[in-house]
Amino acid sequence: MSPEHSMESPFLVIGAAKSGKSVYAEEIIRRHEPDYVYVATSQILDGEMEQRVRVHRERRKEHWETIECPFELPDTLRTLKGTGRPVLVDCITLWLSNLLCFSPITPEAAVDALCDSVCGADYPLVIVSNEVGAGIVPENALARKFRDLAGATNQRLAQICLSVTMVVAGLPLRLK
Amino acid sequence: MSPEHSMESPFLVIGAAKSGKSVYAEEIIRRHEPDYVYVATSQILDGEMEQRVRVHRERRKEHWETIECPFELPDTLRTLKGTGRPVLVDCITLWLSNLLCFSPITPEAAVDALCDSVCGADYPLVIVSNEVGAGIVPENALARKFRDLAGATNQRLAQICLSVTMVVAGLPLRLK
Amino acid sequence: MSPEHSMESPFLVIGAAKSGKSVYAEEIIRRHEPDYVYVATSQILDGEMEQRVRVHRERRKEHWETIECPFELPDTLRTLKGTGRPVLVDCITLWLSNLLCFSPITPEAAVDALCDSVCGADYPLVIVSNEVGAGIVPENALARKFRDLAGATNQRLAQICLSVTMVVAGLPLRLK
(Lines give C-alpha, C1' and ligand atoms only; values in the text may rest on other atoms or scores of the structure.)
Protein backbone atom coordinates (compact mmCIF):
# COMPACT_ATOMS: atom_id res chain seq x y z
CA MET A 1 0.00 0.00 0.00
CA SER A 2 1.70 3.21 -1.11
CA PRO A 3 -0.35 6.42 -0.88
CA GLU A 4 0.31 8.28 -4.10
CA HIS A 5 -1.04 11.72 -3.40
CA SER A 6 -0.21 14.74 -1.32
CA MET A 7 -2.07 15.20 1.92
CA GLU A 8 -4.48 18.06 1.96
CA SER A 9 -6.15 18.47 5.33
CA PRO A 10 -8.84 17.73 6.43
CA PHE A 11 -8.47 14.26 4.95
CA LEU A 12 -11.33 11.71 5.08
CA VAL A 13 -10.59 7.97 4.81
CA ILE A 14 -13.66 5.78 4.13
CA GLY A 15 -13.73 2.01 3.97
CA ALA A 16 -15.53 -1.18 4.88
CA ALA A 17 -14.82 -3.03 8.12
CA LYS A 18 -11.30 -4.53 8.09
CA SER A 19 -10.48 -2.74 4.84
CA GLY A 20 -7.18 -1.38 6.14
CA LYS A 21 -8.49 2.17 6.56
CA SER A 22 -6.84 2.78 9.95
CA VAL A 23 -3.42 1.64 8.74
CA TYR A 24 -3.79 3.87 5.67
CA ALA A 25 -4.85 6.84 7.83
CA GLU A 26 -1.75 6.35 9.98
CA GLU A 27 0.44 6.36 6.87
CA ILE A 28 -1.11 9.65 5.82
CA ILE A 29 -0.62 11.31 9.20
CA ARG A 30 3.01 10.10 9.44
CA ARG A 31 3.96 12.34 6.53
CA HIS A 32 3.84 15.04 9.17
CA GLU A 33 6.32 15.43 11.99
CA PRO A 34 5.41 13.91 15.40
CA ASP A 35 4.08 14.07 18.04
CA TYR A 36 0.71 12.78 16.89
CA VAL A 37 -2.65 12.82 18.65
CA TYR A 38 -4.86 9.77 18.32
CA VAL A 39 -8.49 10.54 19.12
CA ALA A 40 -10.13 7.18 19.89
CA THR A 41 -13.92 7.15 19.86
CA SER A 42 -14.35 3.52 20.91
CA GLN A 43 -15.88 2.54 24.21
CA ILE A 44 -14.38 -0.64 25.57
CA LEU A 45 -17.52 -2.52 26.54
CA ASP A 46 -16.40 -6.10 26.01
CA GLY A 47 -13.42 -8.35 25.38
CA GLU A 48 -13.87 -8.28 21.62
CA MET A 49 -13.50 -4.49 21.54
CA GLU A 50 -10.59 -4.63 24.00
CA GLN A 51 -8.72 -6.92 21.60
CA ARG A 52 -9.36 -4.58 18.65
CA VAL A 53 -8.09 -1.56 20.60
CA ARG A 54 -4.97 -3.45 21.73
CA VAL A 55 -4.03 -4.30 18.13
CA HIS A 56 -4.45 -0.67 17.07
CA ARG A 57 -2.35 0.57 20.02
CA GLU A 58 0.52 -1.83 19.47
CA ARG A 59 0.81 -0.61 15.90
CA ARG A 60 1.23 3.00 16.98
CA LYS A 61 3.62 2.78 19.96
CA GLU A 62 5.78 5.89 20.39
CA HIS A 63 5.22 9.49 19.27
CA TRP A 64 1.50 9.12 19.90
CA GLU A 65 -0.74 10.57 22.58
CA THR A 66 -4.14 8.89 22.83
CA ILE A 67 -7.26 10.83 23.84
CA GLU A 68 -10.28 8.66 24.64
CA CYS A 69 -13.27 10.49 23.26
CA PRO A 70 -16.46 8.45 22.94
CA PHE A 71 -18.77 11.51 23.01
CA GLU A 72 -17.13 14.97 23.11
CA LEU A 73 -15.43 14.78 19.72
CA PRO A 74 -16.34 18.31 18.53
CA ASP A 75 -15.04 19.86 21.77
CA THR A 76 -11.86 17.79 21.71
CA LEU A 77 -11.06 18.84 18.16
CA ARG A 78 -11.68 22.48 19.09
CA THR A 79 -9.36 22.37 22.10
CA LEU A 80 -6.55 20.99 19.91
CA LYS A 81 -6.45 24.27 17.95
CA GLY A 82 -3.16 26.10 18.24
CA THR A 83 -1.17 23.00 19.15
CA GLY A 84 -0.07 22.37 15.56
CA ARG A 85 -0.02 18.63 16.25
CA PRO A 86 -1.30 16.20 13.60
CA VAL A 87 -4.55 14.56 14.70
CA LEU A 88 -6.08 11.23 13.66
CA VAL A 89 -9.74 10.55 14.54
CA ASP A 90 -10.67 6.84 14.51
CA CYS A 91 -13.55 6.53 13.89
CA ILE A 92 -16.68 8.56 13.11
CA THR A 93 -19.05 5.60 12.92
CA LEU A 94 -18.21 4.39 16.45
CA TRP A 95 -18.74 7.93 17.72
CA LEU A 96 -22.16 8.08 15.99
CA SER A 97 -23.04 4.71 17.45
CA ASN A 98 -22.13 5.96 20.96
CA LEU A 99 -24.28 9.06 20.45
CA LEU A 100 -27.28 7.05 19.24
CA CYS A 101 -27.09 4.49 22.05
CA PHE A 102 -25.87 6.40 25.09
CA SER A 103 -26.18 10.17 24.69
CA PRO A 104 -29.06 12.59 25.31
CA ILE A 105 -27.74 14.99 22.61
CA THR A 106 -29.44 14.57 19.22
CA PRO A 107 -26.90 13.12 16.80
CA GLU A 108 -27.81 15.73 14.18
CA ALA A 109 -26.75 18.59 16.49
CA ALA A 110 -23.55 16.73 17.33
CA VAL A 111 -22.77 16.26 13.63
CA ASP A 112 -23.29 20.00 13.04
CA ALA A 113 -20.83 20.71 15.85
CA LEU A 114 -18.38 18.16 14.42
CA CYS A 115 -18.46 19.80 10.99
CA ASP A 116 -17.78 23.20 12.58
CA SER A 117 -14.77 21.78 14.44
CA VAL A 118 -13.42 20.06 11.32
CA CYS A 119 -13.74 23.27 9.29
CA GLY A 120 -12.02 25.22 12.06
CA ALA A 121 -9.09 22.82 12.52
CA ASP A 122 -5.74 24.61 12.05
CA TYR A 123 -3.72 21.36 12.38
CA PRO A 124 -3.29 18.38 10.03
CA LEU A 125 -6.42 16.29 10.51
CA VAL A 126 -7.19 12.79 9.22
CA ILE A 127 -10.64 11.32 9.89
CA VAL A 128 -11.55 7.64 9.54
CA SER A 129 -15.12 6.52 8.82
CA ASN A 130 -16.92 3.33 7.77
CA GLU A 131 -19.09 2.57 4.80
CA VAL A 132 -22.03 0.73 6.36
CA GLY A 133 -24.74 1.09 3.70
CA ALA A 134 -23.77 -1.43 1.02
CA GLY A 135 -25.52 -4.45 2.51
CA ILE A 136 -29.15 -5.50 2.80
CA VAL A 137 -31.53 -3.10 4.60
CA PRO A 138 -31.30 -4.09 8.29
CA GLU A 139 -34.46 -5.47 9.92
CA ASN A 140 -33.67 -3.58 13.14
CA ALA A 141 -35.00 0.03 13.23
CA LEU A 142 -32.06 1.37 15.26
CA ALA A 143 -29.63 -0.19 12.78
CA ARG A 144 -31.48 1.54 9.92
CA LYS A 145 -31.33 4.86 11.78
CA PHE A 146 -27.61 4.38 12.40
CA ARG A 147 -27.01 3.48 8.76
CA ASP A 148 -28.78 6.61 7.55
CA LEU A 149 -26.95 8.79 10.07
CA ALA A 150 -23.55 7.32 9.12
CA GLY A 151 -24.23 7.80 5.41
CA ALA A 152 -25.42 11.38 5.85
CA THR A 153 -22.43 12.21 8.06
CA ASN A 154 -19.98 10.71 5.55
CA GLN A 155 -21.52 12.90 2.85
CA ARG A 156 -21.17 16.05 4.95
CA LEU A 157 -17.57 15.26 5.90
CA ALA A 158 -16.70 14.45 2.28
CA GLN A 159 -18.06 17.84 1.29
CA ILE A 160 -15.89 19.81 3.75
CA CYS A 161 -12.74 17.67 3.55
CA LEU A 162 -10.15 18.59 0.91
CA SER A 163 -9.08 14.97 0.39
CA VAL A 164 -11.32 11.91 0.41
CA THR A 165 -10.00 8.39 -0.19
CA MET A 166 -11.82 5.06 -0.18
CA VAL A 167 -9.74 2.07 0.98
CA VAL A 168 -10.48 -1.41 -0.42
CA ALA A 169 -8.39 -4.38 0.76
CA GLY A 170 -5.74 -1.94 1.99
CA LEU A 171 -5.51 -0.15 -1.36
CA PRO A 172 -6.43 3.54 -1.67
CA LEU A 173 -8.80 4.88 -4.29
CA ARG A 174 -8.92 8.66 -4.37
CA LEU A 175 -12.40 10.19 -4.63
CA LYS A 176 -11.46 13.86 -4.07
CA MET B 1 -19.84 17.23 -5.48
CA SER B 2 -19.17 18.34 -9.04
CA PRO B 3 -19.92 15.83 -11.79
CA GLU B 4 -16.99 16.04 -14.18
CA HIS B 5 -18.20 14.13 -17.17
CA SER B 6 -20.65 14.51 -19.98
CA MET B 7 -23.99 12.80 -19.65
CA GLU B 8 -24.52 9.94 -22.05
CA SER B 9 -27.94 8.41 -21.70
CA PRO B 10 -29.01 5.95 -20.36
CA PHE B 11 -27.02 6.79 -17.24
CA LEU B 12 -26.85 4.40 -14.25
CA VAL B 13 -26.01 5.73 -10.76
CA ILE B 14 -25.09 3.04 -8.22
CA GLY B 15 -24.37 3.57 -4.55
CA ALA B 16 -24.85 2.37 -0.99
CA ALA B 17 -27.78 3.53 1.14
CA LYS B 18 -27.43 7.24 1.98
CA SER B 19 -24.46 7.59 -0.34
CA GLY B 20 -25.85 10.70 -2.05
CA LYS B 21 -26.82 8.83 -5.22
CA SER B 22 -30.23 10.54 -5.62
CA VAL B 23 -28.77 14.03 -5.27
CA TYR B 24 -26.08 13.16 -7.80
CA ALA B 25 -28.67 11.72 -10.21
CA GLU B 26 -30.65 14.97 -9.96
CA GLU B 27 -27.51 16.97 -10.78
CA ILE B 28 -27.00 14.85 -13.88
CA ILE B 29 -30.57 15.23 -15.09
CA ARG B 30 -30.53 19.02 -14.51
CA ARG B 31 -27.97 19.45 -17.27
CA HIS B 32 -30.98 19.01 -19.52
CA GLU B 33 -33.77 21.52 -19.92
CA PRO B 34 -36.92 21.06 -17.79
CA ASP B 35 -39.60 19.84 -17.34
CA TYR B 36 -38.37 16.68 -15.68
CA VAL B 37 -40.20 13.46 -14.90
CA TYR B 38 -39.48 11.76 -11.60
CA VAL B 39 -40.47 8.10 -11.61
CA ALA B 40 -40.78 7.07 -7.96
CA THR B 41 -40.84 3.33 -7.28
CA SER B 42 -41.36 3.57 -3.53
CA GLN B 43 -44.50 2.38 -1.84
CA ILE B 44 -45.36 4.45 1.18
CA LEU B 45 -46.12 1.71 3.69
CA ASP B 46 -45.06 3.39 6.93
CA GLY B 47 -44.03 6.67 8.53
CA GLU B 48 -40.31 6.03 7.99
CA MET B 49 -40.81 5.75 4.22
CA GLU B 50 -43.14 8.76 4.22
CA GLN B 51 -40.38 10.87 5.79
CA ARG B 52 -37.83 9.71 3.20
CA VAL B 53 -40.16 10.55 0.32
CA ARG B 54 -40.95 13.99 1.80
CA VAL B 55 -37.22 14.88 1.95
CA HIS B 56 -36.70 13.83 -1.67
CA ARG B 57 -39.75 15.81 -2.80
CA GLU B 58 -38.78 19.02 -1.04
CA ARG B 59 -35.42 18.93 -2.78
CA ARG B 60 -37.02 18.79 -6.21
CA LYS B 61 -39.86 21.35 -6.00
CA GLU B 62 -40.69 22.99 -9.34
CA HIS B 63 -40.12 21.78 -12.90
CA TRP B 64 -40.79 18.21 -11.83
CA GLU B 65 -43.70 15.91 -12.47
CA THR B 66 -43.80 12.83 -10.23
CA ILE B 67 -45.15 9.49 -11.43
CA GLU B 68 -45.69 6.90 -8.70
CA CYS B 69 -44.67 3.59 -10.17
CA PRO B 70 -44.14 0.77 -7.69
CA PHE B 71 -44.72 -2.01 -10.26
CA GLU B 72 -45.28 -0.95 -13.88
CA LEU B 73 -41.87 0.58 -14.49
CA PRO B 74 -41.24 -0.96 -17.94
CA ASP B 75 -44.63 0.24 -19.21
CA THR B 76 -44.18 3.71 -17.74
CA LEU B 77 -40.81 4.15 -19.41
CA ARG B 78 -42.29 2.98 -22.72
CA THR B 79 -45.20 5.44 -22.58
CA LEU B 80 -42.75 8.33 -22.02
CA LYS B 81 -41.29 7.78 -25.51
CA GLY B 82 -41.79 10.73 -27.82
CA THR B 83 -42.16 13.27 -25.01
CA GLY B 84 -38.47 14.27 -25.07
CA ARG B 85 -38.61 14.96 -21.35
CA PRO B 86 -35.67 13.97 -19.12
CA VAL B 87 -36.60 11.08 -16.83
CA LEU B 88 -35.12 10.08 -13.46
CA VAL B 89 -35.98 6.62 -12.06
CA ASP B 90 -35.43 6.32 -8.28
CA CYS B 91 -34.83 3.51 -7.60
CA ILE B 92 -34.45 0.05 -9.14
CA THR B 93 -33.87 -1.81 -5.87
CA LEU B 94 -37.18 -0.62 -4.34
CA TRP B 95 -38.95 -1.66 -7.53
CA LEU B 96 -37.36 -5.13 -7.34
CA SER B 97 -38.33 -5.37 -3.69
CA ASN B 98 -41.95 -4.51 -4.57
CA LEU B 99 -41.97 -7.17 -7.28
CA LEU B 100 -40.55 -9.84 -4.99
CA CYS B 101 -42.94 -9.08 -2.15
CA PHE B 102 -46.21 -8.05 -3.77
CA SER B 103 -46.37 -9.00 -7.45
CA PRO B 104 -47.41 -12.19 -9.24
CA ILE B 105 -45.04 -11.43 -12.18
CA THR B 106 -41.70 -13.21 -11.97
CA PRO B 107 -39.03 -10.59 -11.32
CA GLU B 108 -36.84 -12.06 -14.09
CA ALA B 109 -39.53 -11.36 -16.72
CA ALA B 110 -40.00 -7.85 -15.34
CA VAL B 111 -36.25 -7.19 -15.54
CA ASP B 112 -36.24 -8.36 -19.19
CA ALA B 113 -39.06 -5.90 -19.90
CA LEU B 114 -37.20 -3.14 -18.03
CA CYS B 115 -34.06 -3.66 -20.10
CA ASP B 116 -36.11 -3.47 -23.31
CA SER B 117 -37.67 -0.19 -22.17
CA VAL B 118 -34.29 1.28 -21.16
CA CYS B 119 -32.76 0.33 -24.52
CA GLY B 120 -35.74 1.85 -26.32
CA ALA B 121 -35.78 5.16 -24.42
CA ASP B 122 -35.49 8.14 -26.80
CA TYR B 123 -35.28 10.68 -23.92
CA PRO B 124 -32.50 11.47 -21.42
CA LEU B 125 -32.76 8.75 -18.79
CA VAL B 126 -31.00 8.51 -15.41
CA ILE B 127 -31.52 5.38 -13.31
CA VAL B 128 -30.66 5.07 -9.61
CA SER B 129 -29.86 1.70 -8.03
CA ASN B 130 -28.41 0.41 -4.75
CA GLU B 131 -25.42 -1.77 -4.07
CA VAL B 132 -26.76 -4.28 -1.54
CA GLY B 133 -24.25 -7.14 -1.83
CA ALA B 134 -21.20 -5.91 0.09
CA GLY B 135 -22.28 -7.05 3.55
CA ILE B 136 -22.50 -10.44 5.23
CA VAL B 137 -24.69 -13.10 3.54
CA PRO B 138 -28.18 -12.54 5.00
CA GLU B 139 -29.69 -15.35 7.11
CA ASN B 140 -33.12 -14.72 5.57
CA ALA B 141 -33.76 -16.61 2.29
CA LEU B 142 -35.90 -13.83 0.79
CA ALA B 143 -33.15 -11.30 1.54
CA ARG B 144 -30.62 -13.55 -0.24
CA LYS B 145 -32.96 -13.85 -3.24
CA PHE B 146 -33.41 -10.08 -3.31
CA ARG B 147 -29.65 -9.53 -3.04
CA ASP B 148 -28.97 -11.85 -5.98
CA LEU B 149 -31.73 -10.27 -8.05
CA ALA B 150 -30.50 -6.73 -7.33
CA GLY B 151 -26.90 -7.64 -8.21
CA ALA B 152 -27.89 -9.40 -11.44
CA THR B 153 -30.13 -6.48 -12.45
CA ASN B 154 -27.37 -3.94 -11.76
CA GLN B 155 -25.05 -5.95 -14.01
CA ARG B 156 -27.60 -6.02 -16.84
CA LEU B 157 -28.34 -2.30 -16.55
CA ALA B 158 -24.61 -1.49 -16.41
CA GLN B 159 -24.16 -3.42 -19.63
CA ILE B 160 -26.83 -1.50 -21.56
CA CYS B 161 -26.25 1.96 -20.05
CA LEU B 162 -23.70 4.23 -21.76
CA SER B 163 -22.63 5.86 -18.49
CA VAL B 164 -22.25 4.15 -15.12
CA THR B 165 -21.12 5.98 -11.99
CA MET B 166 -20.69 4.76 -8.43
CA VAL B 167 -21.33 7.34 -5.70
CA VAL B 168 -19.47 7.13 -2.38
CA ALA B 169 -20.15 9.74 0.32
CA GLY B 170 -21.66 12.00 -2.33
CA LEU B 171 -18.59 11.76 -4.58
CA PRO B 172 -18.85 10.24 -8.07
CA LEU B 173 -16.50 7.56 -9.36
CA ARG B 174 -16.99 6.80 -13.02
CA LEU B 175 -17.05 3.12 -13.96
CA LYS B 176 -18.10 3.45 -17.62
CA MET C 1 -17.41 -5.40 -19.73
CA SER C 2 -14.02 -5.12 -21.39
CA PRO C 3 -10.95 -5.56 -19.17
CA GLU C 4 -8.55 -2.80 -20.21
CA HIS C 5 -5.36 -3.85 -18.58
CA SER C 6 -2.71 -6.49 -18.92
CA MET C 7 -2.85 -9.46 -16.63
CA GLU C 8 -0.09 -9.62 -14.10
CA SER C 9 -0.29 -12.72 -11.97
CA PRO C 10 -1.26 -13.29 -9.19
CA PHE C 11 -4.42 -11.33 -9.92
CA LEU C 12 -7.04 -10.63 -7.20
CA VAL C 13 -10.65 -9.85 -8.16
CA ILE C 14 -12.76 -8.38 -5.32
CA GLY C 15 -16.45 -7.58 -5.45
CA ALA C 16 -19.79 -7.69 -3.71
CA ALA C 17 -22.16 -10.65 -4.05
CA LYS C 18 -23.53 -10.89 -7.60
CA SER C 19 -21.20 -8.13 -8.77
CA GLY C 20 -19.99 -10.10 -11.79
CA LYS C 21 -16.60 -10.90 -10.26
CA SER C 22 -16.54 -14.57 -11.39
CA VAL C 23 -17.37 -13.69 -15.00
CA TYR C 24 -14.68 -11.02 -14.97
CA ALA C 25 -12.14 -13.44 -13.47
CA GLU C 26 -12.91 -15.93 -16.26
CA GLU C 27 -12.32 -13.20 -18.86
CA ILE C 28 -8.93 -12.50 -17.31
CA ILE C 29 -7.87 -16.14 -17.25
CA ARG C 30 -9.01 -16.70 -20.85
CA ARG C 31 -6.29 -14.38 -22.10
CA HIS C 32 -4.08 -17.36 -21.48
CA GLU C 33 -4.12 -20.56 -23.51
CA PRO C 34 -6.22 -23.50 -22.21
CA ASP C 35 -6.54 -25.90 -20.50
CA TYR C 36 -7.70 -24.07 -17.41
CA VAL C 37 -8.04 -25.32 -13.85
CA TYR C 38 -11.03 -24.16 -11.85
CA VAL C 39 -10.50 -24.53 -8.11
CA ALA C 40 -13.97 -24.49 -6.55
CA THR C 41 -14.10 -23.90 -2.79
CA SER C 42 -17.85 -24.27 -2.42
CA GLN C 43 -19.43 -27.11 -0.48
CA ILE C 44 -22.74 -28.15 -1.94
CA LEU C 45 -24.84 -28.34 1.22
CA ASP C 46 -28.26 -27.41 -0.14
CA GLY C 47 -30.30 -26.87 -3.30
CA GLU C 48 -29.59 -23.14 -3.36
CA MET C 49 -25.84 -23.72 -3.56
CA GLU C 50 -26.31 -26.53 -6.11
CA GLN C 51 -28.13 -24.08 -8.39
CA ARG C 52 -25.33 -21.49 -8.06
CA VAL C 53 -22.67 -24.08 -8.90
CA ARG C 54 -24.64 -25.33 -11.90
CA VAL C 55 -24.84 -21.81 -13.38
CA HIS C 56 -21.09 -21.30 -12.95
CA ARG C 57 -20.33 -24.71 -14.54
CA GLU C 58 -22.52 -24.20 -17.57
CA ARG C 59 -20.71 -20.95 -18.30
CA ARG C 60 -17.34 -22.66 -18.37
CA LYS C 61 -17.99 -25.87 -20.35
CA GLU C 62 -14.94 -27.11 -22.27
CA HIS C 63 -11.23 -26.52 -21.70
CA TRP C 64 -11.79 -26.54 -17.95
CA GLU C 65 -10.88 -29.06 -15.29
CA THR C 66 -12.65 -28.54 -11.98
CA ILE C 67 -10.99 -29.37 -8.65
CA GLU C 68 -13.33 -29.36 -5.65
CA CYS C 69 -11.36 -27.88 -2.80
CA PRO C 70 -13.39 -26.76 0.21
CA PHE C 71 -10.45 -27.00 2.65
CA GLU C 72 -7.04 -27.91 1.22
CA LEU C 73 -6.58 -24.83 -0.95
CA PRO C 74 -2.94 -24.11 -0.04
CA ASP C 75 -1.93 -27.71 -0.79
CA THR C 76 -3.88 -27.78 -4.05
CA LEU C 77 -2.21 -24.60 -5.30
CA ARG C 78 1.19 -26.02 -4.37
CA THR C 79 0.62 -29.28 -6.25
CA LEU C 80 -0.29 -27.33 -9.41
CA LYS C 81 3.27 -25.98 -9.63
CA GLY C 82 5.10 -27.04 -12.74
CA THR C 83 1.93 -27.71 -14.76
CA GLY C 84 1.96 -24.26 -16.37
CA ARG C 85 -1.85 -24.32 -16.50
CA PRO C 86 -3.82 -21.15 -15.72
CA VAL C 87 -5.69 -21.46 -12.42
CA LEU C 88 -8.82 -19.69 -11.22
CA VAL C 89 -9.74 -19.89 -7.50
CA ASP C 90 -13.42 -19.12 -6.77
CA CYS C 91 -13.66 -18.03 -4.02
CA ILE C 92 -11.63 -17.16 -0.93
CA THR C 93 -14.58 -16.14 1.24
CA LEU C 94 -16.34 -19.50 0.84
CA TRP C 95 -13.08 -21.24 1.71
CA LEU C 96 -12.73 -19.08 4.86
CA SER C 97 -16.32 -19.83 5.77
CA ASN C 98 -15.66 -23.58 5.41
CA LEU C 99 -12.59 -23.29 7.64
CA LEU C 100 -14.44 -21.34 10.32
CA CYS C 101 -17.42 -23.69 10.39
CA PHE C 102 -16.02 -27.15 9.70
CA SER C 103 -12.26 -27.32 10.13
CA PRO C 104 -10.05 -27.92 13.18
CA ILE C 105 -7.21 -25.86 11.63
CA THR C 106 -7.08 -22.26 12.83
CA PRO C 107 -8.02 -20.02 9.91
CA GLU C 108 -5.02 -17.77 10.58
CA ALA C 109 -2.59 -20.64 9.99
CA ALA C 110 -4.47 -21.62 6.85
CA VAL C 111 -4.28 -18.04 5.53
CA ASP C 112 -0.51 -18.01 6.14
CA ALA C 113 -0.23 -21.23 4.13
CA LEU C 114 -2.44 -19.77 1.39
CA CYS C 115 -0.24 -16.69 1.08
CA ASP C 116 2.86 -18.89 0.79
CA SER C 117 1.21 -20.90 -1.99
CA VAL C 118 0.09 -17.78 -3.84
CA CYS C 119 3.58 -16.28 -3.66
CA GLY C 120 5.08 -19.55 -4.88
CA ALA C 121 2.70 -20.05 -7.83
CA ASP C 122 4.62 -20.38 -11.13
CA TYR C 123 1.42 -20.47 -13.24
CA PRO C 124 -1.10 -17.74 -14.14
CA LEU C 125 -3.33 -17.39 -11.07
CA VAL C 126 -6.57 -15.45 -10.67
CA ILE C 127 -8.22 -15.35 -7.23
CA VAL C 128 -11.81 -14.26 -6.55
CA SER C 129 -12.87 -12.86 -3.18
CA ASN C 130 -15.88 -11.06 -1.71
CA GLU C 131 -16.16 -7.71 0.00
CA VAL C 132 -18.33 -8.50 3.02
CA GLY C 133 -17.59 -5.58 5.36
CA ALA C 134 -19.59 -2.68 3.91
CA GLY C 135 -22.87 -3.38 5.69
CA ILE C 136 -24.03 -2.96 9.27
CA VAL C 137 -22.02 -4.76 11.99
CA PRO C 138 -23.64 -8.23 12.24
CA GLU C 139 -25.35 -9.14 15.53
CA ASN C 140 -24.01 -12.69 15.29
CA ALA C 141 -20.51 -13.17 16.78
CA LEU C 142 -19.47 -15.82 14.23
CA ALA C 143 -20.52 -13.49 11.40
CA ARG C 144 -18.36 -10.72 12.90
CA LYS C 145 -15.41 -13.11 13.19
CA PHE C 146 -15.90 -14.19 9.57
CA ARG C 147 -16.15 -10.56 8.42
CA ASP C 148 -12.90 -9.64 10.16
CA LEU C 149 -11.14 -12.73 8.81
CA ALA C 150 -12.34 -12.05 5.25
CA GLY C 151 -11.25 -8.41 5.42
CA ALA C 152 -7.83 -9.25 6.84
CA THR C 153 -7.30 -11.98 4.22
CA ASN C 154 -8.29 -9.66 1.38
CA GLN C 155 -5.72 -7.15 2.64
CA ARG C 156 -2.97 -9.78 2.73
CA LEU C 157 -3.82 -11.10 -0.73
CA ALA C 158 -4.00 -7.55 -2.13
CA GLN C 159 -0.50 -6.96 -0.78
CA ILE C 160 1.07 -9.99 -2.47
CA CYS C 161 -0.93 -9.92 -5.73
CA LEU C 162 0.48 -7.87 -8.60
CA SER C 163 -2.95 -6.91 -9.93
CA VAL C 164 -6.04 -6.10 -7.86
CA THR C 165 -9.37 -5.14 -9.41
CA MET C 166 -12.70 -4.33 -7.78
CA VAL C 167 -15.79 -5.27 -9.81
CA VAL C 168 -19.00 -3.22 -9.45
CA ALA C 169 -22.08 -4.20 -11.49
CA GLY C 170 -19.81 -6.19 -13.82
CA LEU C 171 -17.47 -3.25 -14.43
CA PRO C 172 -13.80 -3.42 -13.39
CA LEU C 173 -12.09 -0.73 -11.34
CA ARG C 174 -8.37 -1.26 -11.05
CA LEU C 175 -6.90 -0.76 -7.58
CA LYS C 176 -3.35 -2.02 -8.24
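Labels for the chains are A, B and C, by order of writing; each one numbers its residues from 1.
The criterion applied here is as follows: a contact is a pair of C-beta atoms (placed from the backbone, for glycine too) under 8 Å apart; a residue touches a chain by one contact, two chains touch by 3 or more.
Given the structure is predicted, the values throughout are model-derived calculations rather than measurements.
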**Complete:** Between chain A and chain C the C-alpha superposition rotation, given in steps of 5 degrees, amounts to 120
**Item:** Fraction-based call for chain C against chain B, same above half, different below
**Value:** different
**Request:** Just give me the whole-number Å value for how far the CA centre of chain B lies from that of chain C.
**Result:** 31
**Fill in**
Shared-interface residues of chain B (touching two or more other chains) are 16, 131-136, 147, 173
**Prompt:** What does chain A use to touch chain B in their complex?
**Reply:** 12, 14, 16, 131-137, 139, 141, 144, 147-148, 150-152, 154-155, 157-159, 164, 166, 173, 175-176
**Contacting residues of chain C [partner chain B, same complex]** = 1, 16-20, 48, 131-136, 138, 140, 143, 146-147, 168-171, 173
